[in-house]
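There are two complexes below, and they share chain A, which is joined by chain B in the first and by chain C in the second.
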Partner chain A sequence: MKLVGDLLKRFTRMLAIVLLVVIGSTVLVRFAPGYFSDVREMDPRYARSARAELSVESARSNAIIPLLSAEVGGWLRGNAGISRQYDVPVLDLILPRLAVTGSLMLRSIALAWTLALCASLLSSAGPHPSLLWQMPATLLLAIPTAAMATMCLLAGSGGPVLVMSLLLAARDFKFLDRILRKTWLDPHLLYARTQGIGVTRLIRAHILPSIASQLSALATLSIVTALGALAPVEVIFNVPGVGQLAWSAALNRDLPVLLTVTMLMALAVTFAGVISDRPAEWKNA
Partner chain B sequence: MILAQPCAGQAAPRAAGELAWTIGYDPKTFDPAKVDDQESELVRYLTAGVLLRFNRSTQKIEPKLAESWNLSSDGRTLTFQLRSGLQFSDGSALTSRDAAWSIRRVLLPATGAPVAQEFLSPGGVTVETPDDQTVVVRLPQRVIGIGKVFDEIAIEPAGHPSEGRITAGPFVVADYRRSQYVRLRRNAHYQERDAAGTALPYAAGVRLDILDNPEQEARLFQRGEYDIINGLPPDYFELLKRRLPSSVRDLGPSLNTEQMWFNQASSSPLPAWEKTWFQNRDFRVAVSQAIHRADLARIAYEGHATPAYSFISPANRAWYDSGISAPHEDVAAAEAKLASVGFHLRGSILEDASGRAVRFSILTNAGNAARLKMATLIQQDLAALGMQVTVVALDFPALIERLMHTQDYQACLLGLENVDPDPNAMINIWLSSSPNHQWSPSEKTPATPWEAEIDRAMNQQAGTSNEAQRKLAVDRVQQIVADQQPFIYLVYPNALYAVSPRLRGAQPTVLEPGLVWNIERLRLQEAR
Partner chain C sequence: MTFAHLARWLLTGLVLFAFVVLLVSRNSYSNQDRESPLAGASVLHPAGTDALGRDRLVRAAFALLLSTGGAVTASAVTTAAAAGVGTLAAFGPASVGWLAMLVCDVFLALPWLFLLMMVRSALPLTTSPANSAAITFLVLAALGWPACARAVYRGALGLRKAEWALQARAGGLRSGQTFRYALPNLLSLLLPQFLISIPAFVIAEANLGALGLGIGEPLPSWGGMLLELDNSALLVQTRWVYLPVALLILMLLLLEALVAEV
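Right, the complex of A and B next:
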């Protein structure tokens, strides 16, 4: 019962966060400079139709409450509203891109975790943190994602998965190395090592179970980091995903699209948070 | 395998004989009547069958679906004689009924076709079809350049608008994936043939990848995935020139201009003293004289631009007035001019007659490297006069809000793309009542005598078909603009292109759509 109550509480908290995100995004975008402007206004050939579209948007978005209810209405109708930029239902824009972005994220996170786990297992086996491992990780964290993506593009090698993976692996490695280094020094592991138990068995039977909850928290961090890197990576590599759509929507002040993307991201982050918290509590229970 | 994954974002593999290049964003519509953005216009150009075509190379009107056409002496009746045996891409016959229906559809207010405005009074236009081959269009009033208007009207099957899927042009829309590509397929029923009798177009299709990333575009061009780059930025021109010297073309000055202007609007929220500076002709002329345009061309455009002193580029041979007298670079003259109207230096700071330091910001759009470099160079040039200039780069929506809505800016640096060599196309920029009269939009009555004079001259050229009189009126406007400097013209960027060595038939022009104006005759070497 306690577990169900707790889950309900978390679900309510998740909904509240999403609602706040909706209100915050609507207010921010609606009052962003240039909301009521269109680049075609500057072109005498297209200025007239741009102004006509703007006057429709102006009537629709004049007050924040009707605007919010119109956007929520879009969700209730099941199409998430109509994109201002493309004039099509937002869900039609987002659904095909979700698969692209999901695949990019999954592959990046999988590769990043493999790299980070291997590197941290090797690194943590030594007595002291080694510069050989720490330096590249620090360097990778210092390079902005967009710069790394641009370098790959100019060099003509590597792609979005590699850039995202390196970014995530560097971050994950820092945490994993610290966790593993501490775990290796646990008294029961020291004792097991003196008894001659193999490293593989130690990792599988002792280390991984004991750091499961920390790994789960780190997984959430990976998702959040990957979501943050999505827009620059997808824009630079021209990946037709949600990040690219969000970037274009921001440049064009496309509120329905931005709202939906922000909501999806908020849902992903809060849901990952809920999931990552569970193992520790289940264990405690 | 994951590590080796190439840079993503590529569209489907290229079909044999298919041409490929990029467009910056998704076309807003494929309905040729509703085109109101540049990329939709390109798709219409590639797919639409039109009665007349404005030849971008000769700059003359040519009959296309029409075999001949005739404009009455009063300029109010057009008669088109269609070619015989015309067909749409689905094999159905194209008759005058289809042409009349397409023209009427464009004129209907419900369609909301931007091109309807070019008829001046679209409601009064009538279209008749005396027989299957003849279309007669009667206009309530004379329209300057009416032939070119028909270059923008796609003839569609009567009663069945198909958004480019059934056309009488060289290609039809075959596939569209939002934010990825638009794929066009060859129209097997296209009526044109080359001199040897081979059916046009040569290319099996066209793939327009949606990509707004010049680095990626240049890289993929080098890999042979694109055949063309239209409107190459100067830095990428130099990069490609080093790697593929035979692929780049510099056609010299384009029709486009880069200009700076001061906010002279009386209704702007600027302080009164700033308005006084910006409305002062001598102030504007002094600024113009202090700017080293040759440096702008050399540094910001890496030599691929030409100093500008007028709104008409020398590329526009019919309308350019080489005899206009414009203030050229002369810092000493600029200082003297400022001194004559009460400006003076206190230390290294320029002050007006009431002791206020001359400080202002120049707005420009973020993301245009050449423009930002120009703004920085102008900042340095004006520092020589003691003016303290700040460069502010904003994204386009925010910039346009300041320019068009709040008018909360002091100076702005932007460019203007001129797609039509006829200066009448720019009438909305010059008429003082127009919202696009940038330095002081939507004036109820002309704010100054010289603006009234520009209004008169522009209306005069729009009201006569006498080319000599029109030229005189436009020359007059060029001279007034040079004297008053409402726009301080900086450079004409050169028309820069990249063409794949495999592409045959390319004859680049400075007019849009640049390299692909003769799309029917472009082909890849392997396709033959």
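Right, the complex of A and C next:
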């Protein structure tokens, strides 16, 4: 019963945070000094129509409450509003892109975790942190995502999955190496090693269960990092995903699209946080 | 000499070198040599010129100083804000602490680069280059504090429960007065946060610039110079186009080495 109450409390907090994110984003974008500006205003051929559209938008979104209710109404109708930029229902834009982004993220996270876990297991087995493992990870962390993506594009090898995997793997490796190095020195593990228990069994039966909570926290961090890297990677590699759509919506002040993407991202991040930060009862169960 | 010492010296040398380049060079970052666009290395332009005939070395030096100066300032602002919010949340009434951490959670519920992109793009299209640089780093500082504030909050909460703090409160010291004594004890936490934020802000500025949302032209920035790499025709003509990326990575590596030491 306590577990259910705890979970309910967490989900309520999660929903409250998502709601606050949506309200905050709406206020931020709507009342930003550049909301009523459009690049087409600079082109004499489109300036007149752009200004007419902006004045309609200005009348529509004059106050924050009607604007928010219009957006919420869009979600209740099941189309999440109409995109200002493309003039189509937002859900029609987002749903096909969600599959692309989801697949990109899943493949990247899986590859990154495999790389990071293998590298950290090998690296942590040694007595001291080895430059052989640490240097490539540090180098990868020092390269901005956009620069790495551009270089991959120029080299003609490696795609969005590789760029995101390398970025995530470098970050995850640093954490995993530190955690594993500490775990290997636990007295019961040292004793087990002296008794001749095999490394595979030690990892499977002792190490992985003891670092499970840290691993789940790291998984959350991986999701947040991957979501953060989405926009530059998808824009540079021209992947038709949610990151590219968010970038285009941000450039064109497309509030309905921006709000839906914001809500999806906030939901993903907070949900991942709830999952990783499990209540004690859940762990025991 | 440790690697961090070496990194500190190299970083100082790099910044000094950038200053010297700007002082000695006869070209400014926006001067266009119309006679020699995309020129190779010469006495007048030691690292060649870009597509508009602007000196690449001067632009890279200026970008390095702008990025370092901006990131250090933004990091100082962020750390100060985080110190204020974190300690206020820990030493203030429970409701203030709860509210402060809720605000942090709201900020942290969105990936940082996405939030930056949203805020930066909401600014007017007609912002001047100098203003766009100031705004970019101001936005970085304004959005970078929640993660740091959470760490400070945890540290400050530990200090609040420390024996000396309990004794001080029992002796009649108010929370505000205890806070004064707690702040110096948080320096060991704030310094790493300050140093960690610097490379993070440099990377964020470069990523924003590469998305076309960073510092406006003709002011040189890492992100703006990364955009040059999109032009494959340009890459065939000169290898000097890779200079800014190489300098950026070198600078970030040195910063990472400094952070690793703390």
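In the analysis below, the second predicted complex is superposed on the first by the 279 of 285 C-alpha atoms of A that agree within 3 Å, B and C clash if a C-alpha of one lies under 4 Å from a C-alpha of the other, contacts with A are read in each partner's own complex, and residues count from 1 in each chain.
We take it that a contact is a pair of C-beta atoms (placed from the backbone, for glycine too) under 8 Å apart; a residue touches a chain by one contact, two chains touch by 3 or more.
Owing to the predicted nature of the structure, the values given are computational and were not obtained by experimental measurement.
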| field | Combined model on chain A: chain C and chain B, fit or clash | value | clash
| said: Between chain B and chain C, whom does A:Leu117 touch in the aligned arrangement: first, second, both, or neither? | reply: neither
| query | After superposition on the shared chain, which partner residues are touched by A:Ala142: those of chain B (first), chain C (second), both, or neither? | reply | second
| With the two structures laid over each other on chain A, which partner does A:Ile236 touch: chain B (first), chain C (second), both, or neither? | both
| task | Examine A:Tyr86 and indicate which partner it touches, taking first as chain B and second as chain C; both and neither are also allowed. | result | first
| said: Contact-wise, after the overlay, does A:Ile94 reach chain B, chain C, both or neither (first, second, both, neither)? | reply: neither
| task | Identify the partner contact of A:Leu154: answer first if only chain B is touched, second if only chain C is, both if each is, neither if none is. | result | both
| message | Which partner chains sit in contact with A:Gln244 here, chain B, chain C, both or neither? Use first/second/both/neither. | response | first
| query | Regarding the shared-chain residue A:Arg48, is it in contact with chain B (first), chain C (second), both, or neither? | reply | first
| message | Contacts for A:Arg253 in the overlay, against chain B (first) and chain C (second): which applies, first, second, both or neither? | response | both
| With the two structures fitted on A, what stretch of chain B runs into chain C, 116-124, 260-268 or 296-304? | 296-304
| note | On chain A, the footprints of chain B and chain C overlap at residues 32-35, 37, 39, 42, 150, 154, 235-236, 251, 253
| List of chain B residues in touch with chain A within their complex | 2-3, 5-9, 25-26, 28, 36-37, 112, 114, 117, 177-180, 211, 213, 215-216, 219, 394-405, 414, 417, 419, 425-429, 434-436
| Of all residues in chain C, those that touch chain A in their complex | 102, 105-106, 108-114, 117-119, 121-126, 199, 203, 206-207, 209-213, 222-223, 226, 229-230, 232, 235, 245, 248-249, 252-253, 255-257, 260
| Touching chain C in the complex: which residues of chain A? | 13, 16-18, 20-21, 24-25, 28-29, 32-35, 37, 39, 42, 138-139, 141-147, 150-151, 154, 224-225, 227-232, 235-236, 246-247, 250-251, 253, 258, 261-262, 265-266, 269-270
| How about chain A: which of its residues touch chain B in the complex? | 32-52, 86-88, 93, 96-97, 104, 107, 111, 150, 152-154, 156, 158-162, 165, 235-240, 244-245, 248, 251-253
